[in-house]
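You will see subunit A twice below: alongside subunit B first, and alongside subunit C after that.
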Partner chain A sequence: MKKSLPIIIILLFLAVLPLIGLSSYIMHILILVIIYSMIGMAWNLLGGYCGQVSFGHAAYFGVGAYTAGILYSKLGLSAWWGLLASFPVLTVFSFVIGFICLRLRGPYFALATLAMGEVLRVTSENLVKFTGGDVGILLRERTWVGKTWYYYIVLLLAMGTYLLVKKVIESKLGYYFVAIREDQDAAESMGIDTTLYKTIALCLSGAITGLAGAFYTNYMGYIDPKVVFNLHDISIVTIMVVMVGGVATYWGPTIGAIIMVFLAEIIRSNPGLGAAHQTLFGILLIFIIIFLPNGIVGDFQKIVKLFKPKGALR
Partner chain B sequence: MSLLQIREVSKRFGGLAALTDVSYSVNQGEIVGLIGPNGAGKTTLFNVVNGFYPPTKGEVLFKGEKISHLKPHQICGLGIGRTFQVVKPLRRMTVLDNVVASAFLRAKGKAEAEDIAFEALRFTGLYEDRNVLSKGLPLGSRKKLEIARALATRPELLLLDESFAGLNPSEQNELIDIIRKVKGKGITIMVIEHHMKVIMSLSDRVVVLNYGEKIAEGTPKEIGSNSLVIEAYLGEEEGA
Partner chain C sequence: MAVQIELFLQTLIAGILLGGLYALIGIGMTLIMGVMKIINLAHGELMMVAMYIAFWLFTLLHIDPYLSVFVAAPALFFLGVALQKFLINPVLRVESILPENQVILTVGIGMVLANLATIFFTSNYRSTPVDYATKAFYLTDFWKDAPIELSLSMAWSLSFLIAVAITIALWFFLSKTDMGKSIRATAQDLDAALLMGVNVRMMRVVTFGIGCALVGAAGCLFLPIYYLFPALGGQFTLIAFVITILGGLGSTNGAIIGGVILGIFESMTATYLGMGWAPVGRFLIFVAALIFLPGGVASLLRSKKLGK
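The block that comes next holds the complex of A and B.
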């Protein structure tokens, strides 16, 4: 009971947050934070725990977003069905991607995923009949004008993701993922079917990311290839969210998402700095890799030590 | 009955013949030593048996069934465990988690996997170190961890690749005791080793490789007096 108390407090806090009359802008930022923490948790499953670093998570996000978009534009269904549909679609899609890319190891896998994300962006730009090309897909009316319900829905999705990730990591799957990350040959000789379990990690990760994408379509009411398949804003920022927060930690992606999204907004809203926001992100990443290689959650003890008075160390 | 049969196995890497027509068998319950000078193909042979490399020619049979086309995890599932010469601890996992990950192969749930892991850790004397991250272990314990991890897969045949290299004499004696205990559990063992003292005191039979070919096979005593072996390998050590 004692252990779950802080989590209950955090949840209560998050639940009443929209009721205190925050501006629509702040609500938008909060929703972005939750979306990124969801993608971050998904990436963490594959990259953080299983050690298969993906530079192409925009691919899953985009395919999820377009699943919802195309259901609406071609079949005339509500884009909310996309939330349901994205799961099977993304599982199959991830399986195919895994079949192609997971035979590669380490940096080669990372490069293949990078290429795949870009290939999908270009493809969706050019499959005009199917995706609408650069014109994108516009939902004629969004379900709600205000942000409150969107906030609650994405919060629910993110909580579900958190619980799923925790459940997976504490099970046999989690042990197998980490074993594969630490040494694939050793894992294989311990009787672990590395190809199978890497594929499972990828499918889980892809499905969750796609779900976030499908929500994004509903929330924004407009998608186009440059936004949902964006290399920097989705693929790279997702990696940064996890790196900053803490690789292979439960709360890392959430902490990372809070920092990254707010930082991006602060930098962008400052006219003198706005244009330099990618540069500043790059510098932040270098700083994190050198001083906090395990991220803020992973290296929390280090940070605590920094702020303690010097004398207390002895 | 022979548990493992290696039949005319050859392995070539491009133009290099790492193994040429190696045949021998390992009987249930015995310890077979595999010796030979550096580069003789001992580890390559392990990698063929364990499934990392498919043999270029020939086949490997385990309990009468051909295993030389299977993947390492399938071979492990059939009951062959192995350790690595260059130890491969799962560095950012605790000693216990290393072995639990391995124990899931035969366990139905996490509790059972932990039971198997505890048993393997007590057996190898690593129980006190169970909560240490494995990258922080000294070499002697890492070698034991390799064995504990292999044992947790409940093997019938255990392949030990230079488990003694780099250990001091007291650690060596400790490990000899552990291996004897493993044999006592009815597990068949094939061991690659350079320390003659170890190989002569542990092995029931010894197979000698040189330049990828089997040049001798027999009891430790026979091997010790075999002129081919002395020429290829023991050479100067014989007088010592």
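The block that comes next holds the complex of A and C.
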């Protein structure tokens, strides 16, 4: 009970946050933070724990978003059904992707996923009859005008993701994942079916990311291939969220999402810096990799040491 | 019928010409991959830098893009050496959970390069209006009553020939000189090369430089026939990667064949399915290579040799 106390306090704090009358801009940013931390946690499951670095999480995000969008535009159902439908769709999709890409290891897997994300963008741009092409899909009516309910729904989804990731990592499955990350050949020789467990990690990760995508469709009310399959704004930012926050930590993606979303907003709202936001992100990424390779949460001790006065060390 | 054959042959020619240039990009990446065991995800962005160098040399000093190979390639060599020495090498020594940190680092480098280009040169599409760009050789010029008409753009064929020349020069460098042999030894077995007295650290730096110089040269060759914009890097990084998978990881000969295959395949999809589908064709061939030929063309070459 004692251990879960801080989590309960944080949740209570998050739950009452909309009640104190924040402006809709702040609410929007908070929802973005939660979406990104959700994708970050999903990425962390595959990349951080299982060691399979993916550069194409936009693919899962986009497929999830388009699942909801196509349900609405082609079948006339409410886009909220997309939240349910995205689970089976993404599981099958991730399985197929895993069948192809998980034959590769390390950096080769990374690049294969990058290619896949780009190809899905091009495909959805060209399949005009099915996806609407570059015009995208517009939800003609939004469920709520205010942001409060969206906030609660995405908070619920993110909480579920957090609990799922925690449950998985603390189970036997999680130990298999870490074993695969540390040494795939050794794991294989210990009797772990590495292909099977990597596929499981990919399916879980893909399904959660797709769920976030389906929510995104409902929340924004508009998707097009350049937004939901975006290499820089989704795939790379997801990696940065995890790298900045902390690879293979429970809270890393959330911390990373807070930092990255607020940083992006500050940079973009400043007219002098706005054009250079990719440069600043890139420099931040290089800096983090060289000096804090395990992220803020992972290398917290290192940061504390840095700021402590020299005498206090002894 | 004649029209169909004409279209097919014309597409094939365009594919081979494109493939020769692709091969040059692919060789750069495969060299780096072979020696350093990392993927350089900033490969396309480095090519973009070289293209801007050639573009400004043309616009300001009226230097032909083909001549700027001699400026851009050395410039890219030193840029590559600097990147390797000051950014990539330190990361190799850092302790971290994820082994792919260097790959993510190259993504960061690529982002910075692409964005700086946007800031300094704007995101306008640019091209070099060289006077030979519109000239072409026609089959009927040489053979008066040919049943079909084929054309060969002068700029394309020039770029292709220079790319082939550079490839041959590189082949001589790798197989005949001491340094080339040391690079190949490092790629084959790092520890053994170290024991034989090869300066492995230096070879890594030099290889990264050469890989960048090659893609820089390819950029100059692409400039007269293509257009230039800051975000062009990503697509060429992907092309280079597909070629390396297709050719077999770390194999230079494989990269040449892979480049030509990809070039032909891409121009076929562009002709018969439409321009927008070319990237999908790229991915299809990539998937097919992974499933049916995981070792790439290099494994085919090797098994042929063993058969003899």
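Assume the second predicted complex is superposed on the first by the 314 of 314 C-alpha atoms of A that agree within 3 Å, B and C clash if a C-alpha of one lies under 4 Å from a C-alpha of the other, contacts with A are read in each partner's own complex, and residues count from 1 in each chain.
FYI, a residue touches a chain if its C-beta (ideal position, glycine included) is under 8 Å from a C-beta of that chain, and two chains touch if they have at least 3 such contacts.
These numbers were taken from a predicted model, which means no experiment stands behind them.
After superposition onto subunit A, the partners subunit B and subunit C occupy separate space and fit alongside each other.
Legend: residue contacts after superposition of the two complexes on their common chain; A:Ile223 is shown touching neither subunit B nor subunit C. In the superposed three-chain model, the partner touching more residues of subunit A is C, compared with the other of subunit B and subunit C. Residue contacts after overlaying the shared chain place A:Pro107 against subunit C, while subunit B stays out of touching range.
Once the two complexes are laid over each other on the shared chain, residue contacts for A:Ser171 go to subunit B alone; subunit C is not touched. Applying the stated contact rule after C-alpha superposition, one finds that A:Val119 touches subunit C and leaves subunit B untouched. When the two structures are aligned on the shared chain, A:Val244 is found in touch with neither subunit B nor subunit C. When the shared chain is aligned, no partner comes close enough to touch A:Ala58: not subunit B, not subunit C. In the superposed model, A:Ala276 makes contact with subunit C only, not with subunit B.
With chain A used for the fit, subunit A forms the apex of an angle whose arms reach the C-alpha centres of subunit B and subunit C; rounded to a multiple of 10, it measures 70°. When the two complexes are overlaid on their common chain A, residue A:Asp183 makes contact with subunit B while staying clear of subunit C. Once both structures are overlaid on their shared chain A, subunit B and subunit C have a minimum Cα-Cα separation of 6 Å.
On subunit A, the surface touched by subunit B in one complex and the surface touched by subunit C in the other have no residue in common. Remark: subunit C residues 38-39, 41, 87, 90-91, 94-101, 103-105, 107-112, 114-116, 118-119, 234-235, 238, 241-242, 245, 249, 274, 276-277, 279-280, 282-283, 286-287, 290-291, 294 touch subunit A in the complex.
Against subunit C, in their complex, subunit A makes its touches with residues 47-48, 51, 53, 55, 100-101, 103-104, 106-108, 110-112, 114-116, 118-119, 122-123, 125-126, 181, 231-232, 236, 239, 243, 247-248, 275-279, 281-283, 285-286, 289-290, 293-294, 298.
Across the complex, subunit A is touched by residues 50, 52, 71-74, 76-77, 81-82, 84, 88-93, 97-98, 100-102, 104-105, 110, 113, 149-150, 153 of subunit B. Subunit A contributes residues 170-172, 175-176, 178-179, 182-183, 185-194 to its touches with subunit B in the complex.
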